[in-house]
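Naming follows writing order (A, B and C), and every chain is counted from residue 1.
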Amino acid sequence: MGALLQLAEVRRHFGGVQAVDGVSLEIESGTIFGLIGPNGAGKTTLVNLVTGYIPAQSGSIRLGGDGGAAELARRRPDVIARMGVARTFQTLRLYRNLTAFDNVLVGMHARRKHDTLQQIAPLPAFQHEPRARLAKASALLERVGLKPDEYGMRRAGTLSYGDQRRLEVARALAIEPRLLILDEPAAGMNPVEKDKVRDLIRQLNADGLTILLIDHDMRLVMGVCNRIAVLNFGRKIADGSPAEVSADPEVITAYLGRQAEKSGAHVPGAGATTIATADRHGSRAGAAAKPSGRMLEVSNLEVAYGAIRAVREVSFGIDEGEIIALIGANGAGKTTILNTLSGILRPRAGSARFLDIDLTVTSPDRIVRHGLVQVPEGREVLARLTVRENLELGAWVRRDRQAVHREIDALSSRFPILGRRRDLPAGQLSGGEQQILAIARGLLAKPKLLLLDEPSLGLAPQMVDAVFDVIRQIHEEGTTILLVEQNALRALEVADRAYVVETGRILLSGTGAELRRDPAVQKAYLGG
Amino acid sequence: MTQQLLNAIFIGSIYALFAVGYTLVFGVLDVLNLAHSAVFMLGAVITYSLVAIHGLPFIVAAVVAVFICGLLGLLIEFVALRPLRRRNAPPISALISTIGLALIFVAIVEQATPGTLFSWLWQDGANSVRFPSGAVPDPTYHIAGVTLEGTKLGILVTSILLMLVLGYVIRYTQVGRALRAVAENRRAATLLGIDVDRIFASTLFVSSALGGLAGLLFGLALSDISPYIGRDQVELKGLAVIVLGGMGSIPGAVVGGYLLGLIEVVAFVRFGSNVEAGVAFAALFLMLVVRPQGLFGARLKERL
Amino acid sequence: MDFFILLFTDPVRFYNSHELLIAQIGVNAILAISLFVTFYSGQLTLANAGFMAVGAYTTVIMSLYLPLPLPVDILTGTLLAGAVGFLVGLPVLRLRGIFLAIATIGFVEALRLGVILNVPITGEGQGLKNPGADPLGGIVPILVSLPIIAYLVWRLTRAKLGHAWAAIREDELAASSNGINVALYKMLAFVIGALLAGYAGALETHINFFVDPTEYSVTRAIQILTFAVAGGTTNVLGPIVGALFLTSLPEIIRQASAYRDVVNGVILILVIIFRPQGIVAGGGFAIHRPHWWPVNWRLGGRTASTG
C-alpha cells in the first residue's frame, strides 16, 4: 500500500507568525496517523490547509491512491471533500436545527443526484431513491453507535455531547471518504466514552478507512495510532511509532510535561496501570483553621431547557475554605449548575443560597458583587481588550481603585505572563496563558467563592500542570473553590470533597481520596 | 470652492453625529437600531415644537429636546429590545421591532394636525417647516471672502467636542471598557458583574440623545423640519457612513461622516444633484465589496 | 368591521369591490416568497425591491415601444431581473449577515437614485404611464401564478437543492466539508429570488396605470421583509400568510382611523416579541419569567428560563 496523503514542505504564515513552517509527512493508506502538539502548534491549521479552508502559501499536498496522485493545495473545501477527504471539526459543527437523519443526508450530498424534477412531481416511481438514501443514513447512524429509531428524527442540537460527536463522524462518513480526519473527537469526554471513540476508530480502520487523528488525550492517541507526528511552533519535531515519540526527550519537554512521568499507562506496552500520584493534602500545611460556616447551600435544584431536564434533585453544600470538585462527563449538567449559581440560568425548582442571598432570584451582577465569581468554560477572555484592560474589568464591582492597582501589580509579578503581555490583546495569548489571565481576573473581584469551569479543557498536558498549580496556590491562600472538571484525576487530587454528576443528578459524593479509590469512579472516570 | 468645502465639513458633522449614535448601538449591542432615524426626526420636531408652539428660547428647547430623545432611547430599549433579549430572539427580530417603532413615531407626527390628538406636539402634518426667524441667534461672519454662519460653526464645534468626549470615555474609562466588554462577549461581561441591561439602557440613551441632537442641528441649518427628514435624509446615509467607517468603530463613524460629506459635495459640484443622491450608495456598495470591514473596522474571522 | 361582514356574507361582491387589494396581496405574497428563497439559504437580502424595478420597467417599456405580446414582455422582464441578480450577486455573496443586507440596500438605492431617476426612458421622477394596464384582467395571472410558485418553491426545498440551502443556512463551513459548493448554491438562491421578484414587479405594473419609482425603494423592501418574518420563515406558507395579514391590515384599519401605520407598527412589535418564529411556524408563544418571579409559580407557554 502506498502513501495516501503526502505533505511536502507545507508553509503558511499569518502576519508575522509562521503557523505551519515547512511540514512534511506521509500517511500510509490503511493506517491511523496521529498528530499531536501543544495549543497553537499548528495542528488545526494544518488540517485546514489539507481540507482547503486556508490556502497553503507553498508546498504540496498530494492525495494518492489508485489512479495517481492529485494535488489538494489551494483547492476549494468542497472539491477536496468530493475527492474523498472528510473531516470533523474541533469545535463541533453540526447542523443543530436539522434532524440527525438530515445531518447525515446532507453529508451524502456529493453522492446524490439532482432530483429537482423528481421532487416537483412526486410520483411513486420516484420514491425509491429517497428511500435508499434514508436506509443508507440509518446504516451510518448504526455504524457510529446511534440507534436510528431512537436518534434519527431528533434535532441534532438536542443530543448529548458524546452523541453529537458521533453524529458528526457519521455525517463525515456519508461522503464515502478515503481519508477521514478527526479533530479532537473525544474532547470533553470521560474515559468510558473515550474508549468507545477509540473502539469506533479501530473499527472504521479495520473496514479499510485511513484515519488522521488529532487529540490531546495521550492515552487515546498512543493507544490507537500506528504512527504519530508531533508539531511545535509550526514545525514537526518528531515522527514515528507511539513508543518512539513518547520517549523522545524534545517531545516530552515541549508537550507531555509531568504527565509523562506520572502516567506510565499512557504508553502502550509500558505495563503498570496504577497511577502513582503524590498525595497533595499533606503539603497543605497552612490551611489549618477549619471551616466556619456553610457558604453555599444548594437543595433539590432542577433546571430545564424546554422539555429537557438538564439538572434534577441536585443538593450539595460548600463550607468556607474548602475546595469542592464536581466531576462528570460533558453534558452531565455541571456547567448548567454553575450557570444557575451565577444567575445566568434560572431553575425550575429548588433553592440555592449563598451567604445571605437567594441565588435563584438575584440578578447576575449582584451575585458577583456578593462575592460569587465564575471563571467560565473556555476562558472567555475579552480577546480584543488588552491583558491589562481585562484585569481592570475583573475589578468592575469594586470601588477601591488604589487597592485594585496594587493587586494588579502583585498579580503581574506573581504571574509574569500578565506583566510581560499587559498591553497585548488578550486574544493573542495561548490557551494556558488565557486560563491564567481568566483566573487572575476572577481573583480581582475579591471572590468569596470562586467557580472554575473546566480550567483544563483544551490545554496541553504541560499547561494543565501549570494551571492546577495555580489553583492549589490560591486555595492555600484561602479562597473557597468550586471546581468543575472532566479531567477527574486532576480534580480529585486537589479537592477536599467531590461530587460525581451524571445525567443531571448527583451520583456519588465523598472526599477526594475516597472517590479516587472508589472502583465505580475509577472505572468510569479514571480509566480503570 | 472653500465655501463648498465648508459645506462639506458642516454636513459631514451632522452625518458623523448621527452615525456615531448608530454605530455605538450596533458596535456595542450588535443591534441595528432602525428607529434611530425616527429619533433624529423627533429631535428636530420636538425642538421646533418647544420653540414655535410653546415659546421656549432656542437653547433651552434644544437641551430639553436632546434629553427627551435620550428618554426615547430608553423607550426603544424597554419596548423593542429588552423583551427580545429576554427571549433569546435572533438578531433579525430587533431589526423588525425597531422598524415597527419607527413606523409609529413617523405616523404620529405625520397625522398631527390642528385639532388632533397630538396637536400639542406638531401641527403641520406631512409638511416641512423651518424655525421661526428670530427664534435662533444666527450671527454671520465674513472672513477671507468666505461666509461663516454662526449656527454652522456652532454645529461643527459641538460635534467635534462630543465626539472627542465619547472617544475618551470609551478608550480610557472603566465604563468604556465595560461597554467594549459587552460588545465583545455578553456572557463574559455578565460574569464580571457588569449589568448588561444597564449598559444597554445607557448606550441607547446616549445614542438617541446624539441622534436627536443631530436632527435638531439638521433642522436648524437646512431649514427643513418634517416627519420625513429621518427617512429621506439620514436613515440610509447613516448606514453608508458606518459601513465606510467600519461598523462598531466610533472613529470610523466620524471619519466616515466627513468622508461622505466630502464625496457628496464633490459629486454635486462635478455632476449635479442627480448623481449626488446616488453617490452615497455607490460608495457603500463599493466599500462592502472591496473592504467589508470599512476603514477602521476589525476583520471578523471565524474560528474553525 | 363591515370589511369582514362583506367577506363572509357575500364573497363575490367582496371580490369585485376589493380586486385591487387581492391583487396586491398576491403580488406581495410572491415578493415575500422571493425573500423566503434567499432567506432559506441563510441570506438576508433587501435587493428584491431593485429586481422588482427591473422587471417592472422592462415590461412596461417594452410594451410601450415594441409590438410584442405581453407575456413576452413579462418573460423578458423576469429574465432580465435574474441576470441583474446574477451580476449583483457576484460581488456581494461573500458578505455575511448584516453586511450582505446593507450591500443590497446600497444596490437598491443606487439603482433608484442613480439609474431610474436619471435615465429618460424610465420617465425619471415622474414615472411611466402604462396605458396598456388591465386592472381587472391583470389579477388573473397573479392568482394563477401564486399557487404554482408556492408549490414549486416548496418542492424545491425538499430536493437536493433545498437540502444544500438548509445546510448552508445552518453552517456554511460545515456545508463545504460535506462537498457542497457554497458559492454556487448561494448564487442560485439569489438568482431565483431575483427572478421571482422581477416577475412580481412585472405583474404589478400590469394592474396599475402608472409606474411609480418611489415604489421600488428600501422602504418597500423592508415592508416585504416584515411580511416574510412576521409570517414565518420556516416554510412557504409563512410569507404568504404574512403578506395576506399585513397587506390587508391597513385596509381594515383604514375604516377605523387615520393612524393605521401606528397600528401596523404596534402589531409588528407584538408579533415579533411574542411569536418571533412568525405566525405560521409551530412553537407557541414566547413568555418570559422575570427574574423576580418566584421560581415555583408556573407560567404558561414556552417558558424561557434564562434571566
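Observations, loosely collected:
Just so we're on the same page, a residue touches a chain if its C-beta (ideal position, glycine included) is under 8 Å from a C-beta of that chain, and two chains touch if they have at least 3 such contacts.
Because the structure is a prediction, the values reported are computed rather than measured.
Dropping subunit A from the picture leaves the other chains, by touching, in one piece. Set side by side, B-C and A-B show the greater C-beta contact count at B-C.
In whole angstrom, the spacing between the mean C-alpha positions of subunit A and subunit B is 44. Centre to centre, using the average C-alpha position, subunit B and subunit C are separated by 29 Å. Among the residues of subunit A, those touching two or more other chains are numbered 53, 89, 344, 363-364. Counting partner chains per residue, subunit C shows two or more touched chains at residues 173, 306.
The set of subunit B residues touching two or more other chains comprises 304.
On subunit C, the positions that touch subunit A within their shared complex are 152, 155-156, 158-161, 163-164, 166-167, 170-171, 173-182, 289, 291-292, 294-296, 302, 305-307. Subunit A makes touch with subunit C in their complex at residues 51-53, 76-78, 81-82, 86-87, 89, 93-98, 102, 105-107, 109-110, 112-116, 118-120, 122, 171-172, 174-175, 303-306, 343-351, 360-364. Against subunit A, the residues of subunit B that register as touching in their complex are 174, 177-178, 180-181, 184-185, 187-196, 298, 303-304.
Considering their complex, residues 44, 48, 53, 89-91, 342, 344, 363-365, 367-369, 373-376, 380-385, 389, 392-394, 396-397, 441, 445 of subunit A touch subunit B. By the touch criterion given at the top, residues 32, 79-80, 83-84, 86-93, 95-97, 99-104, 106-108, 110-111, 231, 236, 239-240, 243, 247, 274-275, 277-282, 284-285, 288-289, 292, 302, 304 of subunit B touch subunit C in their complex.
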